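Next up: the structures, one after another.
What follows is a pair of complexes built around chain A, which joins chain B in one and chain C in the other.
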Partner chain A sequence: MAKIPVTIDDKPLEVETGRTILEACKENGIEILTMCHLEGIGDVGACRLCLVEIEGINKLLPACTTKVAANQVIKTKTERLKKYQRITTELFFAERNHICAVCVADGNCELQDLGYKVGMDHVRFPYLFPQANVDTSHPMYVMDHNRCIMCTRCVRVCSEVEGAHNWGIKNRGIEVRVISDFDTPWGDSTTCTSCSKCVNVCPTGALWPKTVVQGQLVKQPKMVSELVAKRKMNL
Partner chain B sequence: MNRQDLKTIAESAKAEHNQFKHKVCVCCGAGCLSSGSEAVLKKLQDEVKARGLDKEIRVVPSGCMGPCNQGPLVKVMPEYAIYQKVNCENIAAVVQSQLVEKRPIEDLLLFADSRPKPYVNAQEDPFFKKQLKVVLKDCGSINPEIIEDYIVRDGYKALDKVLFQMSPEEVIAEIKHSRLRGRGGAGFPTGIKWETVYKYVADQKYVICNGDEGDPGAFMDRSVLEGNPHRVLEGMAIAGYAVGANKGYAYIRGEYPLAIKRFEAAIKSAKKLGLLGANILGSTFSFDIEIRIGAGAFVCGEETALIASIEGKRGTPRPRPPFPAESGLWGKPTLINNVETLASIAPIINKGGEWYSEIGTPKSAGTKVFALAGKINYSGLIEVPMGMSLREIVYDIGGGVPGGKEFKSAQTGGPSGGCIPKEHLDVKMDYENLVSLGSIMGSGGLIIMDDSSDMVDVARFFMEFCMDESCGKCVPCRVGTKMMYDLLTKICNRQGTRHDLDRLEELAVYVKEASLCGLGMSAPNPLLSTLRYYKNEYLAHIERNTTLEGVSHG
Partner chain C sequence: MKKKKIGTVWLGGCSGCHMSLLDIDERILEVVKLADIVKCPIVDQKEFPQVDVALVEGSVTSDEHLHELLHVRKQATCLVALGDCAVTANVTGMRNYLKKEEVLNYAYVEAASNDKEGKMPQHPALLKLHEKVVPLQEVVHVDYVIPGCPPSADTIFYVLAELLNDRVPNLEQERKLKYG
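And now, the complex of A and B:
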């Protein structure tokens, strides 16, 4: 593959053509914050944490879906970007009911980690405290909408990797919710294979197995990435 | 049908039309229909028949004529006398006096109740005199459901011209030369967009007509689709020929059943005459159009969301690049243009890009259709050359603000636009000038507000719209618009603080820069522009904890 020169955070780099900015950064040890991104499934550019500045383009573009072009000058850690990452994180926390102290994912949560990474000492926006349901109808797993951040990893992994298409999305705006089948209890699903992929890729405590209690949840998001990689190798 | 047949149809229709002494158009656009024009049409047809005048007078149900709040409208040609608020009771008098005795009834003429003396020839009325109709030229004069009515007025002549006298490259060059810019709102040069799609090599390309007009107060595309659907259809076919697409989709919002019905009828009659389908006019070019009906989501007017919707997916936008020109509908190069843009194509081909480029301003050529609404005497649909001042539009065409009130602000560009204050009444309306004032041209909504409007409440209204219409995919738009709406409500309820105002300003810039699509990126515009020009009203709400005197909370 041909390589093209790009500059990321003042570092001159050689990157393979066709790489996304996120891939280029990962290969070169440049950390980019992500939430909706997960290796192995398609990117949607929804969480806006991976936004970068590109010289000559007046819009901020998501690193996960934007491909590098020759001679681009990319900045990933400007004050503006850091400020926006902090606001995005605060909005995640303010949107639904994230109570770490009672959460299965406490200590093992990507949202919690994000809060530490952006240095969020408090949330400056009013909490919305929406009425959100907890679906415990599935024999093995729980879907707690209070903790869902709408990254849609579960939706994508279910359709793209498992092929079951159990998860979908209903409503729009602040009312969006992840739904099972046509908005019926998860336990009644005729499509769910109980494969646990969604549970393993969920970044928060929104999806969890009934066998764990507070702070005990261990997730394996890499399981999906490795599975996809193995399939590609035709093992 | 071949080229000669098209001419024959035009000639025989012309001969038929010439047999009549008068043409009487009854506006059957959505506005006039809702005020009862269908009954007027029926009554007029009966009246003409009963008097034995049906060999002399041709009664035509037409599209929108413009002064929508004066409907139902009846236009008598060739005198160009327009009667307003016509009903079943006074239509007989119009026929007797205007058509038999040749004496206009002044009391019933257009604007008779507000002008000192109404104009017998409506074209001399400032409302029409200041306008320049290119897109709307035939709207209001032809029956949109009769294809011959369109053909007789040079309809499909441009399609004939491109198919037999021009190469796709020449068509694109002509559009580039015209300097036409996208009328959907962003103002991207149409010719360059066409060229980009043309250059991509693919086994299949598509043309999409974006008729998902959703801005509150905007009804330009609706009126074009209802009043002259063939013009849009012809524009799509020409676009297809130019970029190398043989399939088109017209995405029309479900709230426009009449537009859908008439566009459907247009496709059917064009297919019947061989102006659509295989080997159009005997050429090697084939083009087909299907309608897709929007299901009520504002965001589906965004091109990538619209494409997802046509594909049968949830109508949410995706990040660009790749742009639809490279990877659009089903991953194929796709040209997507707004209704008004496509309706401008045929006149440009017929009269030349040079002619079009000379209308308007150096950077914004041509004409723009505005939906004039709000606190204005003559609201309705107008088309003016780019660069006309807001003052001329409001006072000369629109007849000023009613009830002796003061003009306060003009809201352009709907929920993506901003408010233009009184001190900028002389702004020349074009893309750049409006952006420099913190607003946008948008699709052409123009809402006039008088001094009874509370600008914080205006900002809240548009923020509520964006919050409701946010698809919920990206965080800034989903949560940010809700937060801003809550803060605006708090300020409107006189519970806001300086701290809230700071948060509001911080969020506005964040949502504008960090959102995924145009909806989120432009959602803070009404807020930012009212903060720019009417910050005193925000501060008054906060500091004095009271509303401004005489201001209402609608």
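And now, the complex of A and C:
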């Protein structure tokens, strides 16, 4: 594969063509905050946490969906980016109802960890306190819209990896919601195979098995990444 | 250094943050070397006095809390929001997605423990619940926040020790940030 020169955080690097900025960073040990990205499923640039600055381009671009180009000068840790990461994180918390004290994911939540990473001690925006439903109709799992951050990992894993296409999305803006089939209860789904892939990749306490209680949730998002990698081996 | 004054108050919370404060155990002796605790929920004094540091537990859920918080703000040099309810509304904010009347009705009339004889309390001396529960920073300027439900005794002690020694605590740097 042809290699192209790029500069990331003042480091001159040689990167294979066709790589995303996120892949290039990972290969070179440069840490980038991500949320909607998960190894093994397609990237959609939904969460905007991985935004980077590229010299000569006015707007910030997501590292997960932007491919490296020759001679790009990329910055991943500027004060401006840190400011936006903190704002993005706060908006995740302000948009729905995150009550960590009563959440199954408490202590094992990618959103909590993100808050700690960006140093969020409080949210500077007013909480919206929206009315959000909890769908308990599935025999094994629960979907709690109060804790969903619309990363769409569940939607992508269900269609791309399981091939079931149970999850979809309705509405826009703050009305946006993940839906099962044609916006019917998850328990009535004719497509869900109860494989638990969505439950395992969900970064928050939005999707969880009924067997757990507060603070007891353990997720295995890497299980999907490994499965996808093994399928590619054509064993 | 002149001895400082600390006051604590409990608004819309469960007292858990105050319990966690008590859990600093014998370290309270270090605190009282630097400051007098002049007000807390078990001090028999109506008015919240002037203090250097006010620890405020709980959210603003009613006219009474609002009135008290505005008063504490005037009296305190440094107002600290103590715990998730004060910082995010937390569990106390869970009624925000429902109508206030629904919530009261459920608690006083429909609840199973009421033997079908429950009545809505009407006494004029009772506080009046607000339609929405909000965290402290939506009402007053907050100088420092300690998230956590409850924050650990270690974290509370760390923040108090820093403030009483005229330093600015840094929860992020100390890896003491915690929600829930």
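Here is the rule we use: the second predicted complex is superposed on the first by the 235 of 235 C-alpha atoms of A that agree within 3 Å, B and C clash if a C-alpha of one lies under 4 Å from a C-alpha of the other, contacts with A are read in each partner's own complex, and residues count from 1 in each chain.
We adopt the following convention: contacts are C-beta pairs under 8 Å (C-beta built on N, C-alpha and C of every residue); 3 or more make two chains touch, one makes a residue touch a chain.
Owing to the predicted nature of the structure, the values given are computational and were not obtained by experimental measurement.
Visitor: In the superposed arrangement, which partner chain does A:Met140 touch: chain B (first), chain C (second), both, or neither?
Guide: Touch partners of A:Met140: none, neither chain B nor chain C.
Visitor: Which of the two partners, first being chain B and second being chain C, lies in contact with A:Gly107: first, second, both, or neither?
Guide: It touches chain C, and chain B stays clear.
Visitor: Decide which partner touches more residues of chain A, taking chain B and chain C as the two options.
Guide: Between chain B and chain C, B touches the greater number of residues in chain A.
Visitor: Between chain B (first) and chain C (second), which, if any, makes contact with A:Pro126: first, second, both or neither?
Guide: Once the two structures are laid over each other on A, A:Pro126 reaches both partners.
Visitor: Once chain A of both complexes is superposed, is A:Ala229 in touch with chain B (first), chain C (second), both, or neither?
Guide: Neither chain B nor chain C is touched by A:Ala229.
Visitor: Which partner chains sit in contact with A:Val44 here, chain B, chain C, both or neither? Use first/second/both/neither.
Guide: Only chain B is touched by A:Val44; chain C is not.
Visitor: Report for A:Asn171: first if it touches chain B alone, second if chain C alone, otherwise both or neither.
Guide: First partner only, chain B.
Visitor: Figure out whether A:Val213 sits in contact with chain B (first) or chain C (second), or with both, or with neither.
Guide: neither
Visitor: Residues of chain A that sit at the chain B interface in one complex and at the chain C interface in the other, please.
Guide: The overlap between the chain B and chain C interfaces on chain A comprises residues 124, 126.
Visitor: Name, in rising order, each residue of chain A that touches chain C in their complex.
Guide: Against chain C, chain A makes touches at 93, 97-103, 106-107, 112, 115-116, 119-124, 126-127, 129-132, 215.
Visitor: With touch defined as at the start, can you tell me which chain C residues reach chain A in the complex?
Guide: Residue positions touching the partner: 81, 84, 87-91, 93-94, 96-97, 132, 134-135, 137-138, 142, 145, 147, 149, 171-172, 175, 177-180.
Visitor: Which residues of chain B touch chain A in their complex?
Guide: On the chain B side, the touching residues are 297, 299, 314, 318-319, 321, 467-476, 478-483, 486, 503, 506-507, 510, 513-516.
Visitor: Touching chain B in the complex: which residues of chain A?
Guide: Spelled out, the residues of chain A in touch with chain B are 44-48, 51, 59-62, 65-67, 80, 83-84, 87-88, 91-92, 94-95, 124-126, 128, 150, 169, 171-176.
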